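Chains here go by letter, A, B and C, matching the order in which they are written, and residues are numbered from 1 within each.
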Amino acid sequence: MLRLAPWISVLGIALAWEVFARSGAVTPFMLPRLSVVLARIWTDAAAGDLWHHLGLTLYRSLTGFAVAALAGIALGFAVAYNRAARWLLDPLISVGFPMPKIAFLPIITLWLGFHDLSKISMVVFDAIFPVLTATIAATLAVERELLWSARNLGASERELLHEVVFPAALPQIMTGLQVSLPIALIVCIVAEMKLGGVGLGGAMITASRFADSPGVFAGIVEIAVAGYVLVRLMALARARLLAWHPETAAPASV
Amino acid sequence: MVESKETPVKRQILIEGVSHTYRPARGREVRALEDVSLEIEAREFIALLGPSGCGKSTLLYLIGGFLPVEQGAIRIEGAPVAGPGPDRGIVFQHFALFPWKSVRANVRYGLEKLGLAREEQERRAQAYIELVGLKGFEESYPSQLSGGMKQRAALARTLAVDPKMLLMDEPFGALDAQTRSLMQAELSAIWQRRPTTVLFVTHDVQEAVRLAQRVVVMSARPGRVKAIVEVDLDRADPHIYRSSAFAEKVDEIWNLVRDEAIKAQ
Amino acid sequence: MRYLPLLLLAAAWEAIVQLGLVSHDLLPSLSEVLKAGWTLLREGDLWANGAASLYRTGLGLLLAIVVGAALGILMAWWRAVDAFLGPLVEALYPMPKSALIPVTVLWLGFGDGSKILLIFLGCMLPVTLGAYNGARSCEQALVWSARSLGASRLGVLWDVVLPSALPELANGVRTALALAFVLLVSSELIVARAGLGYLIGFLGEGGIYDAMFAVVLVVAFLGFFADRLYLLLVKRAFAWRE
């Protein structure tokens, strides 16, 4: 019964939306009916537009996420193991973290143009931070006793990294990835809104320019659903990869 | 039977046939108390003694008005308990001081609620802070105090509103043995200077005999009153705690408690 | 000093442009950027737009904190409120707030209103969550002590629950602060006629890259310093913690 609870709340909101929109308290422009918005999504899907936009957004954000993940983990290990790297990068990371990195979009656009590359790069720039900090923290925290036992049993430095440090650090790294994925999605969408063109963000901003209210709300619903699906997939991946971890029963929520 | 209002505050607390069941949101119900009846006179020092889980704290919370009395009745000077109030001061094991307030601000809290004039608040607060031996620490925050000092501050805060009775829930349980011993002596001294009704919950037999005039021994869960033992020791005598009379009393009570303690395991 | 690598980075930046390793059209040198920034400051553009941005962020955040904190504490304290609003909060949590940019523009246009609304809606969530968790962690013994000292049922919320919730609430506000800057910049880059984000876009389109870089740095460091300042204030306010 508890598993149904989130669905009940979504249903409740959907109902409230429809009722409120029909009530006449607000104009259809300000809040189109949910039924109208859903119908719009349907037509967009049938016409193929939805898949076109969604596909591009997913391609850009997931590519950016993948690069951020790999680079973040690799860099994170490097920083954790190398004093010099840590000294060099630590201030950059701690200063960069609270910065609104989206402000750098115009610079990235200047360097890399208006197409996919700049959007993906923006995603990487923003999404790498949570992965980096999580990896560094996790690696540094791997218990000494674990390492000593492994060394004692004859593991080499390389084996140590693969077989002990990485699995031990994995839960926290996964959390970093789980934080990073929604960031990748939204940064991509904001970049698309700025740069226009095709993609969920571009479509939404075009809709708002044409005062196409159902189009704008359709975009919100599509993004919300896409975000939700990605977060769920991540949670599933986490459960699979960390099946051995006691915490799998109650995974870290994002 | 007509309850005569002239019956003096002798029977200050009247507990009749009280039972209590905990019904948590998840898990099974727990019957904490079973048909407990007790009469307590004004200015008596009573110990509620028993093994873990015997419901002694529950009884305290019911008297304090923090839990509703569902079965039976509890009357304070004839009137049924209707919720917490400054007439029944409470002291907890983990001090429950407001960590964001200084010692002085903590002690003044109840006085503010009473609506006293500002100078009166300050005067009373200072008096009680000095009574418990915390002079000089008025502006300290709880995180800066030791366990014993925190408990003194908590005591000052409770005494400042001049309650009719003190409900003490294993107040020295979180202190180390030496501090505990000192605090027991201090509490005894304070009580002898200004006698007030005290209900003192503990699982420590020695502590109960040392402090109380009557020891109520409770059974293992569900808690019932197993026995009430009078402790008639001359507390003015500083050597009384090493006397054979003391040791015998402790033995007597421990024998009553032992079986219950084993049952509670 | 801990931040020495940043100075090295700055020096490297200046060096590679001066040495011609990178075209100065793509990357103005640090000295050029600083000069352009100074000009902007003197001519008032930075102040005017900065004021607009800070006004929007400040008001939006203030509303988010007041409403969010009240909501979080009420939800933690009264089951009924929690049952009613809890699912709403949970459902809105994974929604990326920047997706609301086009909607706020639809409703309130290109001015201050849409930005303030966006920041208010977006930042309310972390504040509510922080207040909620903080209030739930309030110790029963503290509440009972207050009640036995004469506090009323409502008085306990203000005297005990709110102060108990403050540390976690403060954490939520820190998250909200960073989020506020992101939402501000995002919306100003896309749909504005004033503000620092707008200024960046304007300068970029006009090809005045050294000034553009300057404003980007201003915005980026604004976010950084706001966070640091906040941490400092919080540390002082919570001096009573162990």
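Convention: a contact is a pair of C-beta atoms (placed from the backbone, for glycine too) under 8 Å apart; a residue touches a chain by one contact, two chains touch by 3 or more.
All of these numbers come straight from a predicted model, not from anything done at the bench.
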Of the chains shown, whose Cα mean is nearest the mean of all protein Cα atoms? C
What pair of chains is linked by the largest number of C-beta pairs in contact? A-C
Expressed in whole Å, how far the mean CA point of chain B lies from that of chain C is 49
If you average the Cα atoms of chain A and of chain C to get two centres, how far apart are those centres in Å? 19
So, in whole Å, the Cα centroid of chain A is separated from that of chain B by 55
Please list all residues of chain A that touch 2 or more other chains. none
Interfacial residue positions of chain B with respect to chain C in the complex: 61, 64-66, 83-86, 88-90, 92, 94, 96, 98-101, 109-110, 113-114, 141-143, 154, 157-158, 161
Parts of chain A lying in touch with chain C, wherever the complex brings them together: 5-6, 8-10, 12-13, 29-30, 87-92, 95, 98-107, 109-111, 182, 185-186, 189-190, 193-194, 204-205, 207-208, 211, 213, 216-217, 219-220, 223-224, 227-228, 231, 254
Interface with chain A, chain C side, in the complex: residues 2-6, 8-9, 26, 86-88, 90-91, 94-103, 105-107, 177-178, 181-182, 184-186, 189-191, 197, 200-201, 204, 209, 212-213, 216, 219-221, 223-224, 226-228
Of chain C, residues touching chain B in the complex: 139, 141-142, 144-151, 155, 159-160, 163, 166, 239-242
